[in-house]
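Next up: some structures, all given as structure tokens.
Shared chain: chain A. Partners: chain B in the first complex, chain C in the second.
On to the complex of A and B.
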């Protein structure tokens, strides 16, 4: 019995590879591109294109100088061809018609792209500028990022009424320079690591969110990323600041068209939560993972970090990672405020030749801080999936608490699942628990489902969904549906 | 490793060891080519620094700051140390400052023992472990122990007595090899005690043939001023068992590193440990279990109690090769911090390439459970006694797993003596 299942599983993995990448289409829009290569002039060009103030240019140049002195990190369980940083375009913007302030002027090609993606904008109507009715259900605001430049922002007026700032960061630099200058780089410094330094030097756009004191953001904010131009490095920069007692839920979702050449993505996300503030950051990542032979796909090197600066603040990361050829990503929480809370919920699926090295860091600094880590890794094909995490308790973190659960599921005997947690405690009152398991889908579970008339595929789908339940239930409604669909699509071939 | 990553102190210490090798070279016995190769490896690697992943939590700086010298005259009187050896009714091989001492030993009958030179064993990997390269380069003595097929050799003790070498701080690098033939059995009680400052950098190769079983009880009770590095390579054939238990009480800076490879189907490895550290002690327990055959099982329970400003390190890796289907790997690592200045660093790791496996690890770090303490206090148990009861119960979970009665009793006695000295 076990033999037959193994064979079936292998077949299904093979089928998955052939299933192909459903969202591999490419939109034809004229691009405005900087020449290939990276040097100070390119950075000056980017800065000038965005009419940036002098301090930001200096900040970029400092980051670039730091980057030049750094070495690409090699500690992750990832293998890839060396990246030629001079063979990339560091600036690409869709050619705009004059002042696309109103959505009618947004390139129809772009809107079509979003339609294909099925962006849950209620979407086309809102994009067309229809104001929502009073008392309508909670809405989703989308700051759509299309190859580095935000071209459409909706719901501005509703948000403005609440005092919320939600705009492209390039715009925030001009309209709210004092806020951006105060917080940019305060969580992820310009020279933090190789990829963060690169991002700091050349970031082209991203989102800026500011929630003032006591404001609960009236809607969930969402950015859709999309890598579109051939050979375009994407360097998004997101900054979210929530003042005392504020709350925001932020959704980030990504799909990318099919490409043969590897594309580099090095984003930085910084979150700041002040006293009693809370931030929920959810990601569904489904970039092009490369083909069945491991050719192509996105290289995704992301630095995400949140600072719980105020007492009782809370930052919660939820991610569903199904795409990218390489994922290098460790959304972290610095728990500085007393009683602050950090959470990390993750599902990472790798198939074919995908490689994921992902996890989190929870740094307990304040008293009675607590953190929860739930990580579910699923490996199929010839992929490698690594959880790498750090829980660190500093001497003053009286009563710190951590619970970590890392589970790995292997489908097929050519993939790998790895767990590399670091647990460092310097306070006796801290209570840390870590648990990790690795297993395959048990024959008993499969037999049970199949004996009740489910197909092999449905049975595996159901078991995998159950395996990921603890994470999926943390996603906001809008995303939960998409995430489940994604899991189903990712493992579709591998289970039938 | 690039030279830029090393700090000056480590470089100087490495140079001193290399100079020692140059001086001793002509007198060293055993495979000269092997030593020369190890010296080359050590020359390029040096002592591992904090930038090396395997040594991120254990800094060798305190060791590097000591100037080691060869004792001028061998130590004759070891009566005090001998008296401290655990009471185990078995033959024993006694080494003083790394040198075999026939006058203090009782060589067993049913075991082939060869002493008077290093037993290289052939399992060690000096290319990967710099301290093993150091040992290979400078090893002067050791025991080669072979148990023939089907022989139950009972119990044997290897005792290492470390001294401050008549006023000079010595460094010794014992090299042992233990081989069990098919179906053979042996309980090896491996004791290290001492006084004063010294470095004991031991390497042991263990080969367990089909259906054989080695119980390896390690009692590390070195002087609290000493440096202790013990690296063990064990290879277990089909249906064989390597059952090891490490008790760590001594040394200012210690590292026990065990590489166990399950090479044949249904092989078993147990790498358990209990540790009590206080003062400024630093104790590192590093294990790598490699599952290279199907249907093998590995078990680890590691308990650490940390008082004073001590620091405990646990690094445990379970590797499962593609071929090793039906692997059953389990690892539990728990630490109890008794003082605000103590520190625990854990890195449990799983690296798995086979799909039909059951592997898990768990790690906890915390203090004495206040509720348990309250329970005992409310029943009239004084605070200190209640604490002690809970700490013992915590350690008992690991130590109760030692099946060898005398060995377990010796460990319990050693812990008792440790308590009497106070935290």
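On to the complex of A and C.
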């Protein structure tokens, strides 16, 4: 099956390969925007615009106070100009009329954006609340984040019937305050790190998912992120809670329009899995990476962490990172429940002057916990790609197991690949394995493919997709297709 | 028809081919034999467009089209196929996916309709049956973990599916046991017909017991020093290259 996907992908690459950043457009919609700068008043404004309860404002202000005392981390293998946090807008929302009741009421510009993003037409219709046809297509619910406000949420009723809550977090704050208050910051505390603190102070929206006891979410949940306003930092906040025996698969995909200024993105994602619960979180990240000279591009400082709180719970992160000028991201698992399982599957591609410092942390606390890390780094151009991972086994984690596989693929001779594994084991029964390889796309491989009729770029796409196969096969079907396209497109022109 | 005139090629400063003249008419199978280092593999790489070889003189055309001006993938679409002496491994790339992508790239380049997955699988399975190859060959990654014999059979399978108009077999017999050799030879023979020609490069006469060539050429020191019918291969087998090389010198 995945074979035919790859084939299809390569087939369509030619059609997609218009060169440059395909998703580099911006949409002309009236914005409601706060003035530049960050201070308590801005935070109060954000909170007021969202009609937030007092406790949340207090929480934000505390995070802000903590952030003021913190310093930007400098341990990653990343270089960038200092970020002027006072030169950013911290709130922007498309001006809203009444909620869209039909497609006609939805701003045509917005629909065009969805279309460019590839949100299928039927789902666009669902955005307007049109009833789905019987047995139409595999269902994916989309919570489209357009800049800072979730414009519309789909499939609401089907999910409601199953008892699933899937809505913008700003809405959940109002409709399910007890859940949000209980779990928000419980995995990534407000003062966890510099960027998480910033996010906690100023987050504007994101998704909230709650899967009650024993419920398998009837469809994959998906959010399309998109930065749209000039100089608007994106501070998404996502919270997913799955109760005992529940399951959810969540897809997050990002594209951003082409900009000259650097844009800051500091998202926080928290996952909570209770007993026998499982969460599959998949990301395709394609923020604007900057131009060939390294100008512009998104600074992507993300804190993602999942807590396997219950016994036999499972959290699986899969990410395909092709975009951003800077990626700083370590989706992690806290394996607290006995027999809980953490997984991290990652493909990170850097080209031109992109920098990625990404990896994971697996913290083994409970007995017989196990974790798997598969990281595939691809560097081209003058880019730098670092895998940084921590496997930590605490004293009570009897029988903990970890398997780590880190592979790097170099394209050209001006790029860098670095692997920085940290291993701390404080329990003698732990079994930890680490494998790492570095390879290049060989001239033999390229010629072999070309002698069979593939163009140089299709050959690179095919070899890279092969290299990433162990990760790509973890992605849900629709995402796998998109991810493979992205890989091929990202590396266009990087060979020969 | 493949026409090579006074073809010279070098790797860096080192001349390897020193003026090859060779014509392979449509429908014919020619064998190129020669001692190690005579330029056999270089000839196959120059014809298929491998980077790193500098053509320093002469010409090579197929059906009147200048091969030397074309990218390797353009030559493939024109119908030139190289069966590699050492087939290359592509980890993570499924054989079926690879072959279908290659076939469709060629078809696209020729302005032909592409094959969808079911149509391709039907074609591939039929060819595999003809070549007595197990079904799982398509599911495996390209040449990864293949034995020497399996790699060569995979080359023949690719040839059967891509249906080239001229196949260059670069020491396809090396490392094959007699059973594998027969299967490979049958694969080549199955392609024989008025629209298929082949250049069979081999070190030993053995392969030519199974693929009987129309002509045999002896390559030594970057030149073709003698040409003849199938009996020339037998003569070489009996007397070795030495006698012919000495006679030509």
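Structural remarks
One rule holds for everything that comes next: the second predicted complex is superposed on the first by the 450 of 496 C-alpha atoms of A that agree within 3 Å, B and C clash if a C-alpha of one lies under 4 Å from a C-alpha of the other, contacts with A are read in each partner's own complex, and residues count from 1 in each chain.
Everything that follows uses one rule, which is that a residue touches a chain if its C-beta (ideal position, glycine included) is under 8 Å from a C-beta of that chain, and two chains touch if they have at least 3 such contacts.
Fair warning: this is a prediction, and the values are worked out from it, not measured in the lab.
Once the two complexes are laid over each other on the shared chain, residue contacts for A:445 go to chain C alone; chain B is not touched.
In the superposed model, A:75 lies in contact with chain B only, and not with chain C.
Touch criterion not met for A:330: it reaches neither chain B nor chain C. Shared-chain residue A:59: touches no atom of chain B or chain C. The residues of chain A shared by its contacts with chain B and with chain C are 2, 6. Listed in rising order, the residues of chain C touching chain A in the complex are 48-52, 71-73, 75-77, 81-82, 84, 87-94, 96-106, 108-109, 114, 117, 139, 141, 158, 162. The touching residues of chain A, counted against chain B in their complex, run 2, 6, 75, 393, 395, 408, 410-440.
Considering their complex, residues 2-4, 6-7, 10-11, 14, 442-445, 447-456, 458, 462-463, 465-470 of chain A touch chain C. Remark: chain B residues 53, 322, 325, 335, 337-367 touch chain A in the complex.
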